[in-house]
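The same chain A turns up in both complexes below, where it pairs with chain B and then with chain C.
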Partner chain A sequence: HLATSLPLPSERDHLRPRIDLIVFMIDIKSKYSLRNVEASLAHVDASFFLGKVCFLVTGVGRVNACSIETNAVCKLGEAYCSPVLFCELELEGIRVVTAQRLLRMLQICAGHIPGVSALSFVPLMRNSDDD
Partner chain B sequence: MDETVAEYIRRTVLKIPRDEIKTMLQKWGFLSEAQLQTLNFHQIKDNISQEVVQLCEENSADIKQAAVLDIIYNHIHQNKRMWSVYQMKKSGEELEYFDITDFKKKFKGRLQSALKNVTITFKEYEDNAIWIRVAWGTPYKRPNQYKPSYVVYHSQTPYVFISASVLKSNLPLLCQALIVASNYHDIREMELRSHSLNSLKDIVFKRYSQNFQTYYPKPLQEENLEPESADIRIVQENRSEKERIHRLNREVFGGGPLPKLEFAQYKLETMFKSDPKMGVLDKKEPFRCLVKFSSPHLLESLKSLAPAGMADAPLSPLLTCIPHKARNYFKIREKKGLFPESFVSP
Partner chain C sequence: ENVVSQKTAFLLRKAWTLYSVTPLYRFHRARLRDYARLLSAFIAAEKQKGLAVEVGVELDIKVAVSSLADLRGSEQDQAAVLVQLSLRSRASSRNSEDKLVWSGWFCSVYGDDLSENMPEDFTCLPLFLTHGADSYTSMVGRWFQKTFDCCFRRLAISPLNLSWMVAMWAGCQLDKAASAVELVFSVPYLSQPLDISYAIHPEDAKALWDTVQKMPGEITQEEVDVFMDCLYAHFHRHFKIHLSAAKLVKVSTAVASAHCDGIVKILHSQYLSGVLMLLTELAISQIQ
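After this line comes the complex of A and B, so read on.
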């Protein structure tokens, strides 16, 4: 399901399946994109932040056009205990690899991989300095 | 033939892209078809221009003919220049018959009586456009042919498009000559500038598709929002929002191609409003700020902002009013009155 912001329109509630993974896409060229994501985060139920949320930063290939600092995004990821992935959609190779990673995460979040659950992502997010 | 004329013709030919030289010379019509046949267009441009100059020498070209070639070049490459739009006002409602010879005579007369050293050239085109080229001199110097001004006047309209040369001091004289020649009594510069002459014409002659309040029985389905090649496994959650944005965009920008502008400039003369605790500006004076938007095609990019998710729809009227207000340079001042909102000055 693709949405431009949260909350999702309520009129389609009955048509929606269970949501296993939320990927917030942030376009590094657009401050508006980051603000939109920050505003949408407030509408996400807390239980999703146990491994079912991920931030995907796109457009990192165009170094000259960056409007957002990667620091800001990483801090966002830390604040919400969720992984941050960087990718460049305009390059087919990276696009495919990123899609495969997300698909893998989705399989885990949906419970299709025995022995691994979304909760496994959370300890991986902890800063190694903390230990 | 005068050396300066020869050099001017040589430089003008050098400017022309190689594959256009033949057609332009043909349009010029100064060299005969036989002479054109003798030209070798496959050599380097330096040599082509030298040969053209020699042929012109045989025909004893003078500056007047050379100026016509320059007009032809600039007519075809009009988008290289920056054009400003001027609007003329008539005092009464007299519908006078426009006489082109009378216009030319009055225009020339007015300029030459003020400034002896000018080169004035006219060329009429099929779309009722009169192109005027003026090369300016001083009482002591011959006209500088390399920095002329160009004027495009559509006789059935009160609009004049001017691409002034760098020597801006001649502008008032040019304007005066125009109103005298065309029987208007006043001329003012509109705050509208662009490289694309046709787009400027589209805006002032209202030739672009505008948002009319027509009641179409046809629904919007005729235009597909996105190529529905998408996977049926992908569900668009915000389809109604996307349609709303699309509809708003259509209402504001119309359905067809938009005129091509490169800039929009907003000069702010408003007071800076901040949290009083921040105490940013103690003095109560207007905050001087200039906001400039630039783009290869400004209106198209504004139109695509909301669908691309980069801005909320509807866009600020300050941006969307550009085509129908026929201006892209604005001064924004405080509205003096009960409601201190900013308003756009006329």
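After this line comes the complex of A and C, so read on.
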């Protein structure tokens, strides 16, 4: 399901399936997308931040078109205890790999992988920060 | 510190195309006249090969290479090097002046990050600025690359860096009446390209920056963000357009203007050093 911002319209609440993973997409070429994500985060229930939220930064291949500082996004990830993935959608190889990663994360969050739950992401994240 | 002599007046009010240059190997300042001769011969040879700029016109290219002692930041910086190409028509008499057709200069203003651990044989002048036909730029570049084993790359300026520039320069104190602060945005994903030009009265821009900046002489990313967010919010209030979703492609102030393709114009001598310092920094980060 794709949405341009949160909250989702309440009229369809009763029809909506359970949400297992929220991926916030930030376009590095658009400051607006960062502000939009920051505003939308306020509408997310705290329970999602136990591994069911991730930030996906797109457009990183174009260094010269950066409108957002990568530091700012990393700080956002830290503040919300959620992983930040970087990708370049214009390159097919990276697009495919990123999609596979997200799918894997989704499978874990939906409980399809026995023995691994969304909570596993949180300590994994902290370790990579210490590196 | 902000001394701009007659010699450096040529820098002002010209559109310079920016390049980053890796350190020059075995560049000797004492040999500038030799280099001028060698470059002149190279250009003549290129013309013979048919890579001439002017077709069907017999013209000599005169090359001058000089050192600009004033143009540097600290004592650690190498003094700038200026290369000038002039056309001298064979038919002209001794009295007629040579016509300057191309200028390019290498410089380093507070480029310590690069020159710090550089071995002796290398000269660090990471910023290269050119004005004139691309064909001449290409010839001069090729000669330098072949002679000093260096590498030139066009220096693009990201929207993030452009917003730093506009915030810094809009906040500069200027004596005379300043021109408007202008930001040009390009709107993506449209079939027809659309540019939005946002002009702000220079006093308003300076007043805004003054309320944002906490420590004079220091600028943080947060302050630049607040400054830009205020401008975006103001525009949105009036036109319901989110400029933050568009691409900032050009900024223009009374101090200087800069375009994302790596083209700058320095308009005011007072802040020459500051502008060059920022550009040197960008050049160095592109090299590293």
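By our rule, the second predicted complex is superposed on the first by the 126 of 131 C-alpha atoms of A that agree within 3 Å, B and C clash if a C-alpha of one lies under 4 Å from a C-alpha of the other, contacts with A are read in each partner's own complex, and residues count from 1 in each chain.
Here is the rule we use: a residue touches a chain if its C-beta (ideal position, glycine included) is under 8 Å from a C-beta of that chain, and two chains touch if they have at least 3 such contacts.
These numbers were taken from a predicted model, which means no experiment stands behind them.
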{"item": "Which of chain B and chain C A:67 touches, first, second, both or neither", "value": "second"}
{"item": "Partner chain(s) touched by A:30 [first = chain B, second = chain C, both, neither]", "value": "both"}
{"item": "Touching partner for A:42 - first (chain B), second (chain C), both, neither", "value": "neither"}
{"item": "Footprint overlap on chain A, comparing chain B with chain C", "value": "30, 32-33"}
{"item": "Chain C partner contacts - residues on chain A that touch it in the complex", "value": "29-33, 35, 63-69, 71-72"}
{"item": "Sites on chain B touched by chain A in the complex", "value": "234-238, 240-242, 309-311"}
{"item": "Residue numbers on chain C that touch chain A, as the complex places them", "value": "156-160, 163, 188, 221, 228-229, 232, 242, 244-248, 260"}
{"item": "Residue ranges of chain A touching chain B (in the complex, touch as defined)", "value": "1-5, 8-9, 12, 30, 32-33, 36"}
